[in-house]
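All chains are identified by letter, namely A, B, C and D, in their written order; residue positions are counted from 1 within each chain.
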Amino acid sequence: MKVKVLFFGATADSVGEREVEFSFDESIRAETALEKIFAEHPNLVKNHDKKSLHFSVNQEYASGDEIITDGDELAVFTAVSGG
Amino acid sequence: MKVKVLFFGATADSVGEREVEFSFDESIRAETALEKIFAEHPNLVKNHDKKSLHFSVNQEYASGDEIITDGDELAVFTAVSGG
Amino acid sequence: MKQSFCEITNKPLDIGEIARRIVLPECGATVTLDGYVRQFTKGRETNYLVYEGYEPMALKEMEKLILKAHEEFEIANVGIVHRLGKMEIGETSVVISVSSPHRRAAFAACEWLIKELKRTVPIWKKEVYADGETWIEGDSQEKKFARE
Amino acid sequence: MKQSFCEITNKPLDIGEIARRIVLPECGATVTLDGYVRQFTKGRETNYLVYEGYEPMALKEMEKLILKAHEEFEIANVGIVHRLGKMEIGETSVVISVSSPHRRAAFAACEWLIKELKRTVPIWKKEVYADGETWIEGDSQEKKFARE
């Protein structure tokens, strides 16, 4: 199964891409997916404190317990600074 | 000596004029001037609670202790309701 | 402070124009109060309002409020414009804009200014209904001429 | 509520137009926050800002804020518009307008909305200086992905 992972602002700069595709063999927990993303893009954890990164699944802030399935849209970003 | 007395809104309606001229023989306290104005325009105290009326001397809220002299501009009005 | 202003006019108010006039490079936020004619007050329908003011004294009192706001709050500029005359439902009677480096002071100052304006600035409002009209009396006792 | 709205745009914002769009006959006051680009932040001079957003999620989060504001405050309508892209000093990045029958609720709701928007809506700001640039990181920890 394939999911889309989006990066914005500082995380897009760290990854060097705004959007990547990820494949998993079977449905996994969001937290596990995030660790796979970190492994694939080590600059994310090199440039950012892991604990400071935010994560969304299908445009909702994620707790980590969500189950990721085919076609989901994930995003990894720093604390928001709009306004 | 002559002073100008202005009325606005409800007090102008009570007096039937927006501006009247008043003459005094000598300088007097604002409070005394106000009582003379009330005597001349009894509708002011008939239509309004005396205590609810506000009074200004030369475009400043008056305490009553001001000395009124020739050419001063007085005004009598109800509690303001702008905004 | 140097771009602060107060005005009285008979013309319709342009709130965007007033709000943007007080923007300075050192500011980051402007808070604006737009006060306008409400159709219903305590269940009674208003057709339109008429505002009357003691203009020179009203301007003096507004200037005092602006000076005091600059003393009490960390703000950059204040713009106050009050319209007088006849106003229909929804038309703006007063605009108060406050700019500041940070928004908190602007919110606090703007709220304080409208409260004080309603208490001290000599302007009166007449509500005109289908079957009559009333000059509204404010509930301020504080500026009352001191007797007895 | 029925005239509440949120939008994201790349175009300059017209704060008067946004503020007046939410006026209803039962209202008497609209409070508007105009947030714009400040020249100096902590003593450092900014040349311009670039805002980037996760647009569909940002709109969802703004809608949540509007719903919550209607639950928490006695207000009539809310309008929120955030601009994205490059903005010069003094240009407006965000406008939040709240209308209500009485002004107190509008002040409280507007201040709450901007605080929450800065905490939850996925938009980021890059400050561009003469000698470099930085993506600004918010200080919100509350929405952090829960790990360990």
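Here is the rule we go by: contacts are C-beta pairs under 8 Å (C-beta built on N, C-alpha and C of every residue); 3 or more make two chains touch, one makes a residue touch a chain.
Computed from a predicted structure; not experimentally measured.
Visitor: Between chain B and chain C, which partner chains are common?
Guide: Common neighbours, chain B/chain C: none found.
Visitor: Could you grab the centroid distance between chain B and chain D? Build each centroid from C-alpha atoms only and quote it in angstrom.
Guide: Between these chains, centre-to-centre, one finds 49 Å.
Visitor: Roughly how far is chain A from chain B, centre to centre by C-alpha average, rounded to an integer in Å?
Guide: Chain centroid spacing, chain A to chain B, equals 73 Å.
Visitor: Please compute the C-alpha centroid of chain C, do the same for chain D, then give the distance between them in whole Å.
Guide: Once rounded, the distance between the two centres reads 24 Å.
Visitor: At least two other chains touched by the same residue of chain D: list those residues.
Guide: In chain D, residues 35, 114 touch at least two other chains, as defined above.
Visitor: Can you list the chain A residues in contact with two or more other chains?
Guide: In chain A, nothing touches at least two other chains.
Visitor: What are all the touching pairs of chains?
Guide: Pairwise, the chains that meet the contact rule are A-D, B-C, C-D.
Visitor: Under the touch definition given earlier, write down the residues of chain D that touch chain A in their complex.
Guide: Checking each residue of chain D against chain A gives 35, 51-54, 56-58, 60, 82, 93-94, 114, 117-126, 135-141, 143-148.
Visitor: Within the complex, which stretch of chain C touches chain D?
Guide: Contact set of chain C toward chain D: 14-17, 19-20, 23, 25-40, 89-90, 101, 103-104, 107, 110-111, 114.
Visitor: Mind pulling up the chain A residues that touch chain D in the complex?
Guide: 6, 8-10, 13, 30-31, 34, 50-56, 59-64, 75, 77-83
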